[in-house]
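After this come two complexes, each holding chain A, first together with chain B and then together with chain C.
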Partner chain A sequence: MNTVFALATVVIKELYRRKDFYVLFVMTAVITLVMGSVSFFNDPKIVRYLKEICLLLIWISALVIAIGTTARQIPAERENRTIFPLLAKPVTRGQVVAGKFAGCWLACALALLMFYVFFCVISGTREGNWSLLQNFQAFWLQCAMVGVVVALVLLGSVIFTAPSSNATISFVVVIGILLLGRHLNQVALHQPEPLRTLVYTIYFLIPHLEWYDVRDFVIYDQGAIAWVDCLLATLYAAVYATLLLFATWLVFRRKPLNL
Partner chain B sequence: MRRIFHPILILILLLAATFSLATLVQPRAQGWDKRGKSGNVLTLLLGDSRRMFANHFFVKADVSFHSGYYPSIFDQAEKPKGSGHMTSEEGSPEAEEHERKMSFLGEPRDWVERFGRHFFITHHTHLENGNEREILPWLKLSAELDPQRIDTYVVASYWLRNRLGKVSEAEEFLRQGLRNNPNNYELLYEMGCLYNENYHDSSRARHIWELALRRWHEQEPAKKEPDLIDLDKITIHLARLEEHEGNWDRAIEYLEAAMKSSPNPDVLRQQIEELKAKQRDPKTAKESSRG
Partner chain C sequence: MDTILETKNLRVEFKAQGSRQGKKIAVNDLNLKVYAGEVFGFLGPNGAGKTTTMNVLLGFVNATAGDAFLFGVNVREPIARQRIGYLPELTYYYKFLTAEELLRFYARIFRIPSAETEKRIDELLKLVELEHARKRPIKTYSKGMQQRVGLAQALINDPDLLILDEPTSGLDPLGRMKVREIIQRLKNEGKTVFFSSHELGEVETVCDRVAIINQGQLKVEGRVADLVEQYQANLEMIFLKIIGYDVQIPMAPGPSATTLREQHTPKMQQTTALHS
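Now for the complex of A and B:
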């Protein structure tokens, strides 16, 4: 466990040394503040458009940070040949996978925490309603989703040769699930056999990341989600992340480390 | 060796060159601005694709009006058509039809869908208690991107003057619409409503509605499918105004015109009969006018 934690700490340090997070955070803050300064029909109470823009930027930034950070972890270790001294510590390949996952996930969670604190301050001061419970649920569910994304990208990094191709494919898959995941069963029903069975199978196999996008509840003040549902969704994400990490380990343990 | 090109001389030369170029480019740059109808940066940058974005923002206003409960592209068949539901009164046939169309979710097909419904909004509501203001930024953006989209001005004006008490803002926005779309009868009709209902200036409202009616007759009859709904609205409003002012002949005239476009001509026929009765008996008419 200490080995995994030590590996995770290195990844977290890497995140705050790199400029990705700072650039995305400043960009989100500047766009939100500029949009917030615009007056629409002399009504200072209008706030939902601002929450919507800010949350959209947070989601984009979180995906960029999660996929960007994770995609280069294992390929960078192999390219710089630092993987050899690392495995000679001795550290098992399973611990490398677990450490990289824990590091990337915690780093993304930390970045998300900063984003949500900013969001809470902006929406709370403008609206006069802090909605801490709703914001915490949105933050937690997004953290759970990022966990699945990190595990997925980690699997991609041991399958695909270049980090760029892994990042691109991961973006397409994740955005595809977020946009279409909820409707695949509806699409399947309109297809002839055997396409219907195929689409339905994909529908049941993919991790339903769209569940974790509860921005509408926050934007439109629709109250909190039941804690049981949050817990079940967290368990679902944990099962998928474990499954993907196990698959990563299966591929990685037999993979030659020389480029 | 003596330097021939002193840096200051080069700098002066470059300044002279930029000044000369500026005098050449400036008149042309003004010409570039004129190419875009509104002449703003968005028009220059996005070209005609801005209309697509404008449509997106108009739909965004509708999504906001429904607090996020809205059919996706996969539920397109049930998607609300037009913007009538955004300005319809509760209990009206239009509102009831909209309510029926918005129950598009149905029963969940599987456990994934059943559980997934805990994480998105599944009940149909409309903004109320002043929260209608939240749709305004999207409408403003939509109008900036596509100044020729009439719905945007009409819907924004309706909410501004009827629910948010911002009559002068509504008037200003309608005037912006009229500057971008001179002679548009829908905007003139809405402006007439604003003067009649909010400023209680019936004389000005009459002139604007009469202008709207003239514009309708100039633009619509030649079309394959003329906009009869708006003709009905304009003539009925003019008839009500004339009735209120005691001009029975004019009121009957407008109601007869409205009968040609109305979906309920029998109701109008009955109203014409009532007006004729009032006309025959001026005493009753005066009393009903006072009432």
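Now for the complex of A and C:
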């Protein structure tokens, strides 16, 4: 675990020394604050729109940070040849995969924490209702979802050579799952065989990331989610992340280190 | 004398790219032994199989046949790398880290206690003359400084065996001299150094023994002094002869030429002409 944490620390340092995170955070903050400073039609419920915009920006930023940070990790190690001195030490390729995952996931969780603190402050001061439990659950579930996304992108990074192609493909897949994932079973019902079986197979194989999108609960104050549901969702994400990391290790252990 | 590094009938085959031959033999039945405390030069032309052999020793590539051992432990076991330091050729370390952060990271991998880590970082940065730049990000370093920080990371665990892949490649004469001084110093401290280099003058200066490989096969192995005595030539001439180049030196206008043996005499300072 010591090696995994050492590797994770380097990834976290990389994130906070790069400008990506700060740009996204400042952009989210500025857009939210500008939106919050104007009053449309004197509508007292305008704060809901503000919350919706802020949460949408947080979701987009989290995906950009997660995919952007993870996609370049292993390719950069190979391109800069830092993988050689690293693996020349008592470090296994499995530990490299685990360390990169831990680092990217923790870095994204830290970034998300900052975003959610900002969201809490904005919604709390504007609405007078801090809804800490709801916000924490939204944060936690998004962290779980980001874990699956990070593992998925890490798998892509050992399959695709260029980080840019991996990032693009991963982004399309994740957005596709988020937008279409919940409708695939209905689509399957209207298809002839064998397409129906194929669509159903995809429906049951893909990680249903859309389950972690609880923005409506937060925006419309629908109360806290049952803890057992949060736990099951966390376990579901953990199983998918583990399977994806195992697949990453299987590919990476036979991968030549030179690009 | 303890054997630190050993290869037994080592064979590495790769799929040949862009040809129908099927496979390329990168290393062919290589048998090497490196003993404790010696500086061993591993020589060969480009593509001879030096880096592939090092890659097997470091566990980056699996041997097709045969075995390799470090300190008697098969290199397939990660623990075999606990007591080694490795400096790869032309590596760009994590640019966003400073030299001391980089060394701290590698020390953590070796589970070196914090107090000991800080002591070693101070010593190593002094050794490689990077104390003044210890808090600067590596991205601001020159090539020579990057190579020296690489040498420092290779020494962070106080290794008993150092594997250096062309440590002076791309360095200016001053940089090369500094790296050579460090190798000499490590030799005096009783460390075992296994390194590849194309700078044969430097190899002749610092190495106790050398091995020359060509097309994956071991051609010559022995003490530098013995080889010089045997071939009556300097290491560069021996190397060229062994890899199949006929060294000829034009003596005067006309077709006459000296042989390798003649070239070694002091009065021969003329330009050498190499003919394959």
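In this text, the second predicted complex is superposed on the first by the 256 of 259 C-alpha atoms of A that agree within 3 Å, B and C clash if a C-alpha of one lies under 4 Å from a C-alpha of the other, contacts with A are read in each partner's own complex, and residues count from 1 in each chain.
In this text, contacts are C-beta pairs under 8 Å (C-beta built on N, C-alpha and C of every residue); 3 or more make two chains touch, one makes a residue touch a chain.
Predicted, not measured: the structure shown is a model, and the values here were computed from it.
Chain B and chain C, once both complexes are superposed via chain A, fit side by side. Once the two complexes are overlaid on the shared chain, A:222 sits against chain B while remaining clear of chain C. Put chain B and chain C next to each other and count what each touches on chain A; the higher total goes to B.
Shared-chain residue A:232: touches chain B; no touch with chain C. In the superposed pair of complexes, A:89 makes contact with chain C only, with no contact to chain B. Once the two structures are overlaid on chain A, chain A sits at the apex of an angle of 150° toward chain B and chain C, using CA centres and rounding to a multiple of 10.
By the document's definition of touching, neither partner reaches A:19: not chain B, not chain C.
Using the contact criterion defined above for the overlaid structures, shared-chain residue A:48 touches chain B, although it does not reach chain C. For the pair chain B and chain C, the least inter-chain C-alpha distance in the overlaid model is 38 Å. Residue overlap on chain A between its contacts with chain B in one complex and with chain C in the other: absent.
For chain C in complex with chain A, the touching residues are 55, 58-61, 78-79, 81-82, 84, 86-88, 90-97, 101, 105-106, 108-111, 150, 153-154, 157, 163.
Residues 2-3, 5-6, 9-10, 13-14, 17-18, 80-82, 84-92, 256-257 of chain A are the ones touching chain C in the complex.
Contact residues of chain B toward chain A in the complex are 64, 67-68, 72, 74, 109-110, 112-113, 115-116, 118-121, 130, 133-134, 136-138, 140, 156, 160, 164, 166, 169, 173. Residue ranges of chain A in contact with chain B, taken from their complex: 38, 40-43, 45-49, 141, 182-183, 185-187, 189, 203-204, 208, 210-214, 216-217, 219-220, 222, 225-226, 229, 232-233.
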